[in-house]
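I have placed the structure first, in the form of structure tokens, so that the comments after it can refer back to it.
As written, the chain order gives the labels A, B and C, with residue 1 at the start of each chain.
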Amino acid sequence: MIETPPLVDQHCHGVLRAELGLGTFEAQLIHSAGPPAAGTTFFDTQTGFAVRRWCPPLLGLEPHAAPARYLARRRELGPAESARRLLRGSGVAAYLVDTAATGTGDLTGPKGMALAADAEAFETVRLELLAEQVADTSGTVAAFLANLAEAVHHAAAGAAAFSCAPALDRTDGPLLDPDPPGPGEVRGAAGRWLAGRPRGGALRDPVLLRHLLWSAVASGLPLQLHTGTGDPSALTGFVRATAGPGTRLVLLGGYPHHRHAARLAEAFPHVYADAGAGLGRTGARAAAVLAELLELAPFGKLLFSSGGRGLPELHAVGALVFREALTRVLGGWVAEGSWSWRDAGRVAAMVAAGNARRVYRLDRP
Amino acid sequence: MIETPPLVDQHCHGVLRAELGLGTFEAQLIHSAGPPAAGTTFFDTQTGFAVRRWCPPLLGLEPHAAPARYLARRRELGPAESARRLLRGSGVAAYLVDTAATGTGDLTGPKGMALAADAEAFETVRLELLAEQVADTSGTVAAFLANLAEAVHHAAAGAAAFSCAPALDRTDGPLLDPDPPGPGEVRGAAGRWLAGRPRGGALRDPVLLRHLLWSAVASGLPLQLHTGTGDPSALTGFVRATAGPGTRLVLLGGYPHHRHAARLAEAFPHVYADAGAGLGRTGARAAAVLAELLELAPFGKLLFSSGGRGLPELHAVGALVFREALTRVLGGWVAEGSWSWRDAGRVAAMVAAGNARRVYRLDRP
Amino acid sequence: MIETPPLVDQHCHGVLRAELGLGTFEAQLIHSAGPPAAGTTFFDTQTGFAVRRWCPPLLGLEPHAAPARYLARRRELGPAESARRLLRGSGVAAYLVDTAATGTGDLTGPKGMALAADAEAFETVRLELLAEQVADTSGTVAAFLANLAEAVHHAAAGAAAFSCAPALDRTDGPLLDPDPPGPGEVRGAAGRWLAGRPRGGALRDPVLLRHLLWSAVASGLPLQLHTGTGDPSALTGFVRATAGPGTRLVLLGGYPHHRHAARLAEAFPHVYADAGAGLGRTGARAAAVLAELLELAPFGKLLFSSGGRGLPELHAVGALVFREALTRVLGGWVAEGSWSWRDAGRVAAMVAAGNARRVYRLDRP
């Protein structure tokens, strides 16, 4: 049996504090452009089945409980107590909480996660949100750019990482040109964006995003890049341009392009890949997806995450599914003689927690 | 043991009525731009091996019979009796027969399939072929467009679905612009196409194809999109533009991009994916490919098909391989505790038949 | 148990003759743009683990020996004796040695490989290198082109294959235009390249590369195309343009696009795929990757290679991992009844050696 230490969840968002009905809960389960098609339910997905397998026992029910029964039990306990049980039951010692999730209601921040889970929690600062917050309080282009530099500097001192979603699948994405934009270009883009944006308007300007990415790289903090549904190979130019011992780029997501993310982590010393990519989402298939990640990614370059957001069930399922998948994949290789038992335990500890602690310097005093 | 109901094959073509020699039979086995390379045979493929595994017993031979022996037995029985035994032995209750397969000889239509298989059969109307037939009998652009609208309307009343192959891997494919073309644009394209086409010339004009696709969407009938060897992600713009409760888009094929097809079925309520994609073609690997489809696709969004065409062996193998793969994949998840036995049976029934009956409204009186 | 004959390694480079320290050895293990990230080592990869599993026993140590212990034993034996034991212990009867690997130190050529391995060795002539050598000794454009034609003709008589790396992932790659360039175009490109190149400068000019590729096709020798990290589907235009009974195109590499390479081998009679793609690199996952290749590729179109270069460990691991993966995958299909035992043995012999002997005509007198 492969032992894994308490996990570090390198990427998640907070949990909803509100009571959830069946429909509200279901809507949080998967990423969909709309409500379930007629005759279908989001519970009939790998994520839904994984939640029904792993979470009912943490709330005192049998595995595979029906959705209505599970939700009734959840209401009985209340959202706070349910979150407490789910998070504490999943063996996670530390969370990196991305505070960017807006528009999804009342999510806890790092402190709320730490309290609910009885764990450490660190902040991941979303660059787009940082720029939007600075824009809300800056009167001129010059003030905006100065305040932004200050805000990045300040965040770098207190946060564990920066994050950004550079829209890899858009043809006008910010990383078509991998180099940092010049000061005049940045001023022009900032002026246009500030003039046109509604209050709280989302930042999609490619020049400003590029400026933010390079500011984050310059800060020396690890930078998490959400690859979404795009092929991370589109990042190759930016990866080449940012190579250097001080840079740490962590590719998040990537499924079904996860093998490409692993390949980039192999090819470039400063690139890391997400070992949680899609594990909770793919449920019973998590071991298969994890095994694919473990083909090319150096074992010191893979970091667990749950990607959980809104429902503490997603954080819990991410962790429990990952742990089972890791044990099954590495244990299988030991059983067939491909790996030694000692190596398997060492790699499990790295992917589960050690790599994240080193990359994000979580243990610095 | 997971029980599956009699299948609905949501996409196939008819079968050849002619007697087939070894070479003619072999040429139908796989999609190839030419005859087998020197020193090779199409029988030495997963499809060929799957045919030799599953079909000989249906004709009274042992599994894995040599091709020559199998073909001899097939000739002995004759093509009609062979088709009868193969189709009736594969547990399919209903076929959706795409009548577009031209140039492949004398294929049975839905009625012929129903008779041979002792099953229900519905028609899938191929949009390109409909336009070509209308063009053959229309004297002017105005008559062509009016007759086309009438033909789409008429087909919508009698068929189960429309289908189209929008050439995703071509740089001038019709779906680069996802929106419906304007009336003037359509008239212009129709004029050019009607003026230039030889009798029976294939429709590839992107504007006309787009017009056809939008006509099909407007009709309210499900629309099957052949993704061929292209990445179905290229359809995202069209998918976004057609979103709505009345629309049902079914992505056919997709291997080796099937995970992308499943992801679209997850992300968009009106998108469905093909659970038969490549199963018969990949033979001994069908369970692995099916399991990949079952990672992201909501279980109410996956529909079985054989993709069979020409050889009834392909229809039979598609169904038998699918059924075995489904049983093995879902049974495995039950055995390891990931899924409950009850859920597995329910999902098997959905993917095998229930989803197709609901999406195509096969049970309406 | 599936028996496989002694292998033909259809693609490798020579081995280093020099003594190697731990760091030099490690640097040869994987393809990386730089040294391992802080806190990581290239030994902690599937390749590193596979080397530690398979190679220590060939040098008299237990499997999974620690890197330092293995390197000490290697130094004790010396590089020549280590290479001898590793190559002779891996069951390879013939190597096709690509002589293009420059800048990696003192690599053995085909003769050195034959001697060390006690095996046959054939030469694969890298087109870019051939052009560079001809350029070094040609004074004018006319002389260069005449000498190049002569060199291709001469190489075709003595070598087993040509090879080329047409940079599929570059937007200005040579195969955007699949057709052979005209004589004037070639003269112009040659003039520009010869005028601008430093001595030994690498050939990347798209027109000249296209000219080289078509010269190789015209020679009638098989042409190996390195697909690198690009999607081999980008080769479709060139593949279509070169179709013909005399042409044999062998796609090398391809992982993680190997299913696309297999699909091209299915669709086009003159295309072959690499069964070694990524097997040594993915170690414990080799059986899974091989099984994916065996989905669509006709069994007469897959050819083993190790891709080994520099370290004889990579040649040995490629062969040993492939043999185990092949046995496990095919044996599994026999055990479950999908394949017959006789078919499995026949396919194993084809992929291991027979296909390569036929395609490269290794047994011609």
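Just so it is clear, a contact is a pair of C-beta atoms (placed from the backbone, for glycine too) under 8 Å apart; a residue touches a chain by one contact, two chains touch by 3 or more.
As the structure is a computational prediction, the values presented were derived from the model and not from experiment.
In the contact between subunit B and subunit C, the residue numbers used by both copies make up under half of all numbers at that interface. Note: Cα superposition of subunit A onto subunit C, rotation of 120 degrees, nearest 5.
Here the spacing of subunit B and subunit C, counted between their Cα centres, is 37 Å. For subunit C, the set of residues that touch two or more other chains is empty. Those residues of subunit B whose C-beta lies close enough to touch subunit C in the complex are 30-42, 44-46, 49-50, 53, 63-64, 169, 229, 255-256, 278, 281-285, 288-289. For subunit A in complex with subunit C, the residues that touch the partner chain are 233, 236, 240, 243, 245, 259-260, 263, 266-270, 291-292, 294-296, 298-301, 333, 336-340, 342-343, 347, 350, 358.
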